[in-house]
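Labels run A, B, C, D and E following the written order; every chain starts at residue 1.
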Amino acid sequence: MAPQQTNSKPSDDAKEQPAPLVYQRAMPMSRGKLAIWLFLSTEIMFFTALIGTYIVLRFGAPEGSWPTPAQVGVMEWLGAINTFVLICSSVTIVFAYESAKSDRIRAARGWLLVTTLLAFGFLGVKGIEYASKYSHGLYPQSPRSLLHDRSDVYYLSHFSLQLKQRIAELEDQKTPTDHHDPATLETLYLIQSGMLNWTENKVGVSNDPNMKRLALESFAHQIHPLADRPDIDKYLADERADLEEQQQTIAPQFSDLESKLEAAQKQISQLSDSIAKLESNRKSKPNVNGDFPPPTEIEQKNKAQLEDAEKTAKDATESISLLKQQMNPIERRLEAQSRFNQFEDGINEHFHLKLPMVIPNGNTWANTYFMLTGFHALHVVIGIFVFLILLPLELDRKRAKVMENVGLYWHFVDIVWIFLFPMIYLF
Amino acid sequence: MNRFWSILFCLVPILGTATFVMAAWGLPPFQGAWLPKNYSVAGETIDHLFYLLNWISAVIFIGTGAVIGWVLWKYDHRRRDQASYFSHNTQLEIVWTIIPAIILIFIAFYQMNSWAETKMIRPTISQNGQTINKPPMVLVMAKRFGWEFHYAGPDGLIETQDDDYIENELVLPVGTDVVLQLETRDVIHSFFVPQLRVKQDIVPGMKQFIWFRGTDIAEMDIACTELCGWGHYTMKGRLRLVSQKDYNLWLTERRAMQTPAMDPDDPETPQVLEERLP
Amino acid sequence: MVNKVQHPELNHPKRTGHPVLRFLSTYVFATDHKIIGLQFLFSSLFWFAVGGMLAMAIRWQLAFPWSDMPIFGPTLFASEGGQIPGTFYNMLFTMHATIMIFFVIIPILSGAFGNYLIPLMIGAEDMAFPRLNMFSYWFMWPAFACMILSFTLPGFGPTSGWTAYPTLSLIAGDAQNLWILGLIFVGISSMMGSINYMTTILQMRAPGMHMFRMPMTVWAMFITAILQAFALPVLTAALFMQLSDRLLATGFFAPESIVVNNSITISGGGEPLLWQHLFWFYSHPAVYIMILPAMGMVSDILSCFARKPLFGYRPMIYSLIAIAGLGFVVWGHHMFVSGMNRILAISFMVSTMLIALPSGIKVFNWLGTLWGGRLFLTTPMLFSIGFVSMFIIGGLSGIVMAAPPVDIQIHDTYFIVAHFHYVLFGASVLGVMGAIYYWYPKMFGRKMNETMGKLHFILTFIFLNGTFFPMHFLGARGFPRRYADAYRFEEFQDLLPLNQFITLCAFLMGAAQLVFLINFFGSLIWGPKADRNPWHANTLEWSAPSPPPHGNFDFQPTVYRGPYEYSHPERSVDYWPQTEPPP
Amino acid sequence: MEILRGIKTGKLKTVRHVLLQFICLLGLIVILIIMTGCNPSPEPQFRFNRVALLKQEKNDLAEGERFSNAYQSEIGDILTALYGTPNEPRFPFLLGEEDPAHDVLSLNNLQLAAGPVAADRLEKTAGLYREHCSHCHGITGDGAGGTAASLEPYPRDFRLGKFKFKSTPLRRMPTNDDLTRILKNGIPGTAMPSFRTLPDNEIAALVDYVKYLTIRGQHERRLIAELSNLDNAPILDFKLLADADEEGQPIDEEMKAENTETFEAQLYTVVGEYLAEDIIPRWVDPDDEISEVNNAPAGFQSKHPAHSALLQTGKDLFYGKANCVQCHGETGLGDGQTANYDDWTNDWLKTIGVDVNQPATYQDFMMAGALHPRPIRPRNLRTPIFRGGNLPSDVYRRIANGIEGTPMPSSPTLTTDEIWALVSYVKSLPFEDQGSPENELPVNDRIVD
Amino acid sequence: MQKSFLFAVVSLCFISSPLLSDDGWGSLKGNIVVEGAVPAISKEKIDKDQASCLSDKEAPNDDNLLVGAGGELKDAFIMMYRKGSDPIPAIHPSYEEAKKKPVVLDNQDCRFVPHAVFVQTGQTLELRNSDDVGHNCHIITFNNEENVNLAKKDSVNITFSDADKTPGNVVCDIHKWMDAIILVRDEPYAAITKADGTFEIKNIPAGTWKFQFWHKKTGFMKKLDVPNYKVGKIKADIEVTIKDGETLDLGKLTLPATSIKKK
């Protein structure tokens, strides 16, 4: 790397080139290789900082609250495939280097191509994983993430705001799309009235803290279950039984009131008929002064009865509407229960709704997951760029040095993944 | 000319030490430009350490300064034809490695106790025959830009319904161990009372405890020393150290304010109300 | 220095002829390490002026709080009657620190002098990777752009301090993003530079230049490069995380559901203290990045003008290495009262005490170098002695603060400000000034004016002490740093006169730099021509022409001895260049 | 030729060229600084209420039409004549010594609060408002100081004459004690800090200055609305105040006095009436209007046996008759109604043709100095922060009187005991047990325990 | 100078008691019709308490712009125009009786009924809630403010002491689609157009008066075409002369639809 290589202009006088200086080296390797090693050591520090952050956050979290791979839908086998892919690519790049060293240009190019393809494969799998995280809402976002650490009232409140927003969006949407068909809207309405409002009311009005906790937890559990919760199943079953009982007691009242109302209405029509008849009778016979005779006793009695009947009818109507108001949430709740209870994977998953969910430390998990894998993927991308630059070149003995350096970098990327895979996927 | 420079460089340790001594003794124009009067028990040890370190520093400072001055005075090129030719002196080097090492290790060990007392060993009380950590007396809630001091209500516990808080004014009794619980509502703040030699950053998402024992009745400033935004400099609070009796009086007064006026004719109205009337 | 010595290059085979370069590749996209070094030097001097202006503004506010601030006030806050807002003051000290650290001291030490001196001192014709070197300079420019742009954003720049502690920095204005980006660019630039330096020093030494024949400057640059290479990536990672906290709503540095300004802005789940750990893991070594090169250069200057071998060459190197090694494990002493585990504080205290040891050894060795010498008190020598003198003050106050109980009282007060200004201005900047005066003849082929240089030194020296020494007293009183107006506290009201005195000294110190500017630029034109070795120094760069041509050496340098063979008793002249073959 | 070669070989001029660029750059910056920096800063002025003017224009004029500049400058002149400038405040004591406005505020206090910040710290003579308040509330008291836009909620705009936390009912002015209390306690949950550490006379001065700004702002709004009713400006003859007549001849003293008198007569007829009849009387003795806080039932005491019954009553009211749940939400988190705006925003947001969902419709209001509309959130009752103070009587007044300028209504139909029950319940809400494990903060002295 | 004299006189008049009309009383009537394509009326978005507000019904129309089939404009205000210091005109005795009767503003099915009300200062406004859900009644005009909590089936009486120049808003903060318009005046001479666009103001003291026209969607109707009268450019006022015992019929007043501002 004498200066004339780096910044010379085609000189018109060749003897202007000074003789290169003689140096003594500390290490028996080329400058490029040394620099790559040094660069990789700075990279190690970079990943040390990232992995250190992960370790601090993960082990700083309360005992046992870090999400298991299953809870956040991390698929170990995909990670394993990726590990395999990356290890293979590390092998193929060694083949490429060996071929280049022995001047087998085509073989070298072939192996490099394989490496590139494997790298793309790695990114592809990564892309699938990211897409699935995105589609489940497992990512940090502003102003408030969908991932909540606890099933508390703040979760409920955020859920309610998100749900309202989603409903408003869907209502505004003129043409239903694949994902947002009217059925989705119906589901959202049911979640709102049959689950959310119910739980809100329960949390607000109930005086039993244990009940409140169960209500909140069962709500979160139904949206996104983390594990089998027999206590919640029992709670829901009890609630259902209780509600059905209430329904049973209210329903007869309905028919009572309705029959009462019917009778009253019948009476009203009869009475008003008779009153009308009596009145017309009376009015047909004006007396001498042109005045009508005073209402008869019957008429007055009828009128009083009419008033009574009207009052009864009004009372009954009001009671019915009151009962309806009482009944409505119960019915909605029961409907929601029967509709949603069957889903073992939760409402969010089943209907592909991105509604807020409770995953303890879910945010921190998502943050670190994307940070670690993202920066690793960035290195893979850089590697691919370098491969693509190298591919069209003559990969002969002269270029073997470059190949070696690139190979070192690629091994490093591989090693980082070897660290990341167990950390993120296995433990 | 060399002599001039020699004197100039000599002036550095001389003036430096002199101003420190003057400041410590309160001589003009440095009166008051020194550690503020100390009002806490632990502060005495801290002051002592500060003085000790300063004395050690002064010795080294004057020593090295004198050497610089001497060298400049003595080894002027106009008065010497030839510099001495030596490049090391193993014995000397060992000496000046070992002696500072001993001093530094001494300092390190000497201060550990003070650190432990001020920051690690929380005062205890005995309750039901058991020794437990003294519960915090006041919850200090830092926020942009001010201090909320939450006092326990009649139930004697902080962070309950009957808490009373007062902004920017902290009243504490002297002669007893005071434990404060520090929390913040938003960003990092730092609770600093110069006269009590107390400072602790308050980190979001953490509970911190600090403790001290006031020695005398006094009034002092509370400052925030961790940058917290545009109004960092406005986070001024006042801390009043009062006697235990005055403290109790003050507390009763505050608690009375938490109780609304009640129907005097109602036989069930608690007697407390009459007591608090003057 | 009476007898003329034969020019060493005459004993070596000649190298002649240098490539002819186009304008752009000579000056702008220069790959020549000397031009790059000068580019670093001039950019740093420019930013030094900017940072100095900000410092003046800070001092103005502290001496005359809220009064009509010259230049800034009427220009920016006319409708407020020229009164600056508190947030503007925060911008001032944030940018002052950022600029001075990342755009002045680090680039001028390792960027300018590192670039200029390393190849010359080890006998290389250029850096190992000249083009990478060029990039390392041009990667500073996006950072410059970020900084200048951030001045134009609402709030006039980042306001969360150069430490950028979350959660304050997470809720700060948009300028903070530019700040982070700028620092990331600086980091990339430094990383490129440091890899280049390490490779160059390891692989491109002239024949005979063993590692233990390298001048202290090169050693210091080598250690600095190692520190940079290993500490910077940590900061870069932390900066990326802070950026993603700000832009992508992650929450590495914010606890769960942090509510600021009545709205949840960050998803949370992180640790505010984590940032401090990561930040100081870089920034403590960065303190050494900011002082080690100056130490190396001062060692060379002292030895040269004492006409005497450097005392304890090897212990000096070992202490450099020790400082670098220990520098990685002492970061916690910035966090004694931060809420970190209080037992950890003790281990950090012990390691901090230990790191004082190699620093002390260096001081003693410098004194040993002077002892028995034949001192020529030229301007560079004065600055170097000033360096030693000021470094002693900075070092001693460092020990005071390293004691955690004492740190409780003086943490985040002006005591700290005094300490690091003694180290960074008192030591590093004086060292840089000394180096500029010393290598100016080599860089520009002319000598600077000695009288003006001495005037510059004495003014700077006096007012530097007048500015920073009283800050110790402020700090002892508990006067908090980063306060736009501490006088609303009864406690600190009587400190106003002292602050006004400090401000006076600071302004005079600023004015003293004009002497330097005049001298520097004037000497370019009117300075007397300098020959190859005006100081009669030993190291390799003085064997090259002044200024050295592209390719540095007009002969193949070969090294026969260490760099400090001054006043050798067997020689008639008091210096013995490294390249001069043994008789 | 030689120089050229020198440049080419990079020997001679290398450095100077690089240098020249830097010198030019430095010189440019120095020149810029000198050009911009050396003029003294102009005296600050009160900002004209352009939002109110724009609103009036939008409501009264056809699209694209504007009031003439003369109209705006006339109002500005009137206000300056009456109230002075931020550096030299004045107050129109129209009735001389006997003006009831003397009970409202004192000129000495105004002078203490106004003006540039005093650099001398030991004895303050001026500049209190600009030191403590103006960075948020603005020099004009328009709630648009430098930091205002980044605060949530926005700092108070005094000019509307509405105050939230006071002991008097709606449409009544706050008492001195109310304002003093806010200054001393701050408003928790907002950016308003506590100024408890200021001496009493400074707080009094600030209170007076706030009143001064409020009266000025109210008057300004009124002038804008009132004068837009008149067919054309000008109404006041400012030439009467001039020192010289139109030909430049100085006017003798006698004439001058006469002119001044005429001018003052004009002034009173134009603007004094509203001030004297409408604004000032409201500020005089608002103490008489303080709404009473009736005695609490015994059950309010948390240890009293009737306490739990009272809490239950409160809860029933919360979810029923008192309507609290409608805005504060089922869970009390303040999420029941999140799309309302406060009166300060509604004041211009309700202008004809403005739609909050279409920023383009109110772009010109933003240009005129209005802050971006932000919905007002009902209080989250699960945090123990009460903006108007956490004393039971504070909470009582908020429920009984409502909060001016916000959707929080007064509740004339609730009885005293019902309100006390609500107070009791609301104060207990933050500490209500939800059965979920407490959010344990990490404690730094774990090692000790 | 002249002007100030005028003002002095005017304010003197203000201090003296209201003048009684010597010349008798007359009436004013007319019919406001919108000409042109009226913007489509949007449906209200009922996003709260659907059970009570929307039971068995579809979402109602935004009632700020109710126009009949022939363009008849409902809820426009016709009010007397007085400058700040003009005296209150004489008031016919029949109004004194009417003033004692409260004006009712009801909340029915989460809508204000009626949509526009006119109250005199000192007159009782009864805020009523006939719904099963709670409401609040938040009245903001330039000079008046009232914010009252209404539990279900509750009612509250309020009075106003200050008159306004323009109508103000009544809203329910709980149900944000609910709004109404209120005008508070010292004198009874104002009217609100009915569904057929007609209005009538009775018993105006004889003399020359100014009347102005206002609607929520247009503000002052400056583009209103009043046959034979010139409408003021700023305040949409006309000057009419009322004669004793006569009814002045303004006829059909046409408002171009373009002057309706969309929201």
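What to note about this one:
The rule is simple: a residue touches a chain if its C-beta (ideal position, glycine included) is under 8 Å from a C-beta of that chain, and two chains touch if they have at least 3 such contacts.
Please read all numbers here as calculations on a predicted model, not as lab measurements.
The minimum number of touch steps linking chain B to chain D comes to 1. Counting C-beta pairs in contact, the chain pair with the largest number is B-C. Of all chains shown, the one whose average CA position lies nearest the global CA mean is D. A straight line joining the Cα centres of chain A and chain E is 51 Å long.
For the pair chain A and chain D, the distance between C-alpha centroids works out to 42 Å. Spacing of chain C relative to chain E, judged by their CA centroids, is 75 angstrom. For this pair, chain D with chain E, the centres built from the Cα atoms lie 32 Å apart. Residues of chain C found to touch two or more other chains are 18, 20-21, 32, 85-87, 256, 261, 263, 271, 339, 342-343, 488, 550.
Residue numbers of chain A whose C-beta contacts span two or more other chains: 60, 154.
Inter-chain contacts occur between A-C, A-D, A-E, B-C, B-D, C-D, D-E.
Partner chain D is touched in their complex by these residues of chain A: 60, 62, 150-154, 156-157, 160-161, 197, 200-201, 203-205, 207-214, 216.
For chain B in complex with chain C, the residues that touch the partner chain are 1-2, 5, 8-9, 12, 15-16, 19-20, 23, 30, 32-36, 45-46, 49-50, 53-54, 56-57, 60-61, 64-65, 67-68, 71-72, 75-77, 80-89, 92-93, 96-97, 100-101, 104-105, 107-108, 111-112, 114-115, 118-120, 144, 185-188, 190, 192, 194-195, 197-206, 208, 220-221, 223-234, 236. Within the complex formed with chain E, the residues of chain D that make contact are 58-62, 162, 170-171, 225-226, 228-231, 235, 237, 262, 265-266, 269-270, 273-274, 320-323, 326-327, 336-337, 339-340, 343, 346, 350, 352-355, 402, 404, 407-414. Residue ranges of chain A in contact with chain C, taken from their complex: 1-4, 6-9, 11-13, 15-27, 31, 34-35, 38-39, 41-43, 45-50, 52-53, 56-57, 60, 140-145, 147, 149, 154, 361, 363-364, 366-368, 370-371, 375.
Across the complex, chain D is touched by residues 1, 3-4, 7-8, 11, 48, 83-85, 133-138, 140, 142, 144-152, 154, 156, 165-166, 169, 173-174, 176, 216-220, 222, 234-235, 261-263 of chain E.
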